[in-house]
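Chain nomenclature is as follows: A, B, C and D, assigned in order of appearance, with residue numbering initiated at 1 for each chain independently.
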Amino acid sequence: MIDYTSASIDFALLGPEIALLASAFLILVTGYVKSLGKLSPGVAFVGLVIALVLSLNQWGNQSSGFFGMVTCDDFGSAFKVIFTLIAILTLLMAHRYLSHKSLNRPEFYALLNISTMGMMVMANSTDLVVMFLGLEIMSLPLYVMAGMARRSPESNEAGIKYFVMGAFASAFLLMGIAFVYGASGTTDLRRLVTDYHYIVGNFKLYLYSGVAMILVGFGFKVGAVPFHSWIPDVYEGAPTPVTAFFSVGPKAAGFAVLLRLFVFGFAYIGLLSDVFWVLAALTMTVGNIMALRQNNIKRMLAYSSIAHAGYILIAFAVGGDSAVSAAMFYLVAYALFNTGAFAVLVLLETRTGCKSDFSELSGFSRLHPYLSSVLALFMFALCGFPPTVGFFGKFYLFSAAIQSGFIWLVVIGVMNSFVSVYYYLRVIKVSFFDQPQQTFVPVTYSPAIIVVLLITLAGTLGLGLFPQQLLDISQSAIFAFL
Amino acid sequence: MTEYLYLIPILPLVGFLINGLLIGRIPRPVITLIGCGSVALSLALSLSLFFELKALPADSRMIEQVLFTWIVSGNFHVSMGFLLDPLSAVMILVVTGVGFLIHVYSVGYMHKDPGYGRYFTYLNLFTFSMLTLVLADNFLLMFVGWEGVGLCSYLLIGFWYHKKSAADAGKKAFIVNRIGDFGFLIGMFIVFWQVGSLNFVDINAMAPAAFIAGGSLITITCLLLFVGATGKSAQIPLFVWLPDAMEGPTPVSALIHAATMVTAGVYMIVRSNVLYMMSPDALFVVAVVGALTAIFAATIGLAQNDIKRVLAYSTVSQLGYMFLACGVAAFTAGIFHLMTHAFFKALLFLASGSVLHAMSDEKDIRKMGGLKKYIPITYWTFLIGTLAITGIPGLSGFFSKDEILWKAFSSDYGHPVFWVLGFVTAGLTAFYMFRLVYLTFHGPERMDDETKSHLHESPKSMTVPLIILAALAIAGGWVGMPHILGATNYFEHWLEPVMASGRNAVDTHALMSTSSNAGMEWSLMVASVGLVLISIFVARMFYNKKPELATAWQKKMSGLHKLLLNKYYIDEIYGAVIVRPTVYFSLFLWKVVDVVLIDGLINGVAVVYNDLSESLRQVQTGRVRTYATWFAVGVVVLIAVFMRG
Amino acid sequence: MVPISAYLIVGVALFAIGTVGVLISRNLIVLLMSVELMLNSANLCLIAFSRSQNIMDGHAFVFLVLTIAAAEAAVGLAMVITLYRNRETINIDRFNLLKW
Amino acid sequence: MIEVYYPILFLGFFAALLAVIMVSISILLGRRTDMGKKEEPYECGVEPVGSTRDPIPVKFYMVAILFILFDIEVIFLYPWAVISRQLGLFGFIEMVVFVIILLVGYFYILGRGALKWD
């Protein structure tokens, strides 16, 4: 029997977080010392790798500490591994882009690590307040990263929009936590679950309105409609590697918390399934329809990320173990091919004067047959074609939903994924079939980004052909402290 | 040898990988060798496996090769495995055999094209996908092949992407197919939900227990799967992509129309015949759609002037036959027709490609004529194909079409009305096919001098496949002669093990033993042959005889004037009463029903989505306060919902 | 003893004022103030609940939230400064380069 | 009921009283010179130029922002101070770690030159 509210002050539980924080501090202190500043990416990388190793070490060790405020379970550990991997990929693809745009400041790497640490804090706790704390630790660096290109009005605007909307959402989240606290006298999810019937019996109104506002707060992070409107603007305006990070990192963290809260925690609230049904249907439909008429690829991918969040929300409507593991599988799959697609965009944008408009792609395949084929493959994965991992992600999600009888939701999902084909194919059409308007400026590769491309490519195809391994992991990862 | 089953699809994949990764780095002869060689090896392997399978006793002709377990998740188990049984054996022979000939033909046809390497890369990928589709031992792997085929069709139809129409046609094919996939996917989910497995062997064994025969669930499932089939196999209403698909290189049309892609839907239905046998309602829908498509497309074929479009509509119409066969539970007949159709349709397409090759890519038959003497091999092979498709006794098309017509009439699921539709279609087919022959190869030469000076027979690499296919178009049907001719229907015996399970599923042995009524069968056969002959004669009158008579009439104004006038008069009446309304009707179907209604419906959906997208975009004003307002509205609604709950 | 509902009413009212402030203010600084108001009204609720149930956790949370709010304010102000330098305005409605 | 608020009322009262006393003492004891120059914003130095609405140098904002941060972090010292005896050495070390984290921030802004005034 695990001691749920262990008072032990065991810093090993926070190993990955401490590693990230330490590396970030090191960067901050040494970043502006001459001759040490160049080491910042390396320091960040080492910190991330140590965090990755420590997170992997935590796998299988279920324990709790700090008076129940920190909880290490496999669910959390799995997400920690996902976060670090995403951060490593972002780091690898960012370096040359940032130098090219003269944005290569040590702060970026420190912020990246601190933000990743915030995600870990989020995924690593069953306490609402700690989750809130993690959310803020994650978000504050993100706001700054979005507005990092200080001279670019678009980047500024992305930063301020993200900030205003994020702070607005945080306020709702905090109010929600306050109400739940008021209803139950605790912020620990586990005690909430144990005393659920008593709480509902006496303070139903507080609890329900609190839960609704918490849903708003985290729904904002994952981009559920109608809390999605910041996504396209912020994604378009932020520097591209940052956008790549936005589209998978905070989203995964948001889903980690949402899964813990709403699938494991508040599962008693019968209403939730219907609410998530509507949210999922709305999110995927709005995301897909809006994506149809975009002229900027980053913006299109922003809407597409909303749509993908909608697919994952299906798992919340369905509930149960198979849906959770399907959602995790989908998140990993999405992280892979979406990061891959952004990596190609980063490469394309590391040329002067490119803003990732569709028209810039014409002539792409003529000059870079391999790179354009890789981009096409990521687009197919985003569509959900076999044999990419995108297909299996959708397949698990939909079959989990069908098995629980959510036929209509699946019908909506499948229809949406067919609509999505249209705009993903447009990328392929332009890069392969369109006559170039002006000469296509060649792309120059860097070793780091080739590594990113190879990893994402191998993941997208390899897991598409042999998804078993990942599926096993995602199934054992649903062991959570609830 | 059976342990090498997996090599059949893998070989073209290897060819695809080599050609694809080394594109632009290897000389053409090597591309050719890899492209054709990989398919040739597949064909050789398929043949040897076929004979190995044949050597086995009839009831144990089933080899399932599980390469590895693909996915296990709770009760969800899918293996990556291939299934060789009589049905898939026929399919791989058709795919690799006809596919190989098309590969060889392409060597000559595409020899000048700058995208030669890319072309063979796609072609190998296409073959690989199709082989995966037919050899898959479960629905999921089949779906993988299914999507692969769709993707390749998109790439190949849009092969000449610098033509806007080609790129559009590719996109259309892709998107229409996705609508069909939607049905397939959902149908597959329901099968899995109910049966708990996607493996065909398991489904065949367990479906009768899992579904209630004749219940609504099985009907819905079958209809959803059928939606998938209509997409791939170009049936009403999803056939719109196929005529446009003519934009691709002609060998691609042959590949799509004859050996691969379009047969996927028929194959899938036959593969899941156990499910369909449990739902008579679904079968009825299949039969109705098949019969209507057959006659509808044939009528449209009457008025086309583009040689490839005529063939395209004829493909749609022949596919309708196959679905009609499936719909009346004559699955064997459907596959039989699929096979013979693969032979003669591939032949017709390749021959028409040869015509285009000679005519400097002029596709309008009104600008052809008299080509017989310039390109004799093409002419004779085309004629054999035409005779086969019209169902002249002795040629392959006759046996398969006759079997379908007879089953449509006599099967328990059949109805005389189906027969009448099929019968009329046969007449129309004969008419438009011979119209094509006469306008293209006979009569005055209507091309310009420039084109005329370039007329030449195609190279060996093109004519040899034509001759082989012509032989197959003649002899391919002899394996399935009807009983009443005193022959043994080898084909039916061959497929018997596959169909038995379906029949057992509904326990209708008694029902299915069709009361053989030799006299009736004979008379129907004679009737259809007679109709075909009459149609050919009418076509000859209109597109061959009449112009000659007309010129003669101009020369000898006096002598035969009256007689000729009378003759003409009769023709006119005939034309006014029968032909012209038919042609108008055909034009109506094409211009209004097809182009406006069905195309419009599909385009309309796209327009609606686009408009919706455009107007929804306006909500995204770029102003934070607007976003915050939406946000707040969402919060209020959500809290209200929770408060009530 | 002031009943808990009184504190809550004040807290929720402040929260509503803050929300409306975010929705209607054009000035970024006012907007930031509104957000702060929302956060602090939540703090008020936390304290009220904490007192009414006689458990101290809520007080501790308020400390955390206060620091977070301060950090948020700092980031927000820094961004406003950068924006003002580039665009010479802090009217939130003017920042609509990115849309549709 | 109201008596619980007496302490705070007293505090407010005495604070106000103290302020009043201070000001009145300076008025009473200080010498008053009513000259024109005395009324101006700066008694000595350069003449004020332009409007007071001029943009303030961004350095002020930097300092203000940094002040908020460091100021508010001190809030954690209060609860710790209340029970520092019970927490003992462990609490002390924790607080030292906390201060070190603040110091890292301080060194960062030093290194970044945010506090340089020219």
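Everything below uses one rule, namely that a residue touches a chain if its C-beta (ideal position, glycine included) is under 8 Å from a C-beta of that chain, and two chains touch if they have at least 3 such contacts.
Note that the coordinates shown come from a computational prediction; the quantities given were computed from them, not determined experimentally.
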Central chain of the complex, centres being mean CA coordinates: A
Result of counting contacting C-beta pairs for C-D and A-D, higher pair: C-D
Cα-centroid distance, chain B relative to chain D, in whole angstrom: 84
Inter-chain centre distance, chain A versus chain D - centres from mean C-alpha coordinates, in Å: 41
Distance from the mean Cα position of chain D to that of chain C, given in whole angstrom: 22
Between chain A and chain B, centroid-to-centroid distance (C-alpha), Å: 44
Residues within chain B bordering two or more other chains: 617, 620, 622, 624, 628
Shared-contact residues (touching 2 or more other chains) in chain A: 160-161, 164, 168, 172, 232-233
Complex contact set, residues of chain D against chain A: 90, 101, 104-105, 107-108, 111-113
In the complex with chain A, residue positions of chain C that touch it: 8, 11, 15, 18-19, 22, 28, 31-32, 35, 38-39, 41-43, 45-46, 48-50, 52-53, 55, 57-58, 61, 64-65, 68, 71-72, 75-76, 78-80, 82-83, 86-87, 92, 95-99
Residue ranges of chain A touching chain B (in the complex, touch as defined): 160-161, 164-165, 168-169, 172, 205, 208-209, 211-213, 215-216, 220, 225-227, 229-230, 232-233, 269-271, 275, 286, 289-293, 322, 325, 369, 380, 385-387, 391-392, 395-396, 398-399, 402-403, 407, 410-411, 414-415, 418-419, 421-422, 425, 429, 432-433, 435, 466-468, 471, 475
Contact set on chain B toward chain C in their complex: 617-618, 620-625, 628-629, 632
Interface residues, chain A side, partner chain D - complex: 9, 25, 28-29, 31-33
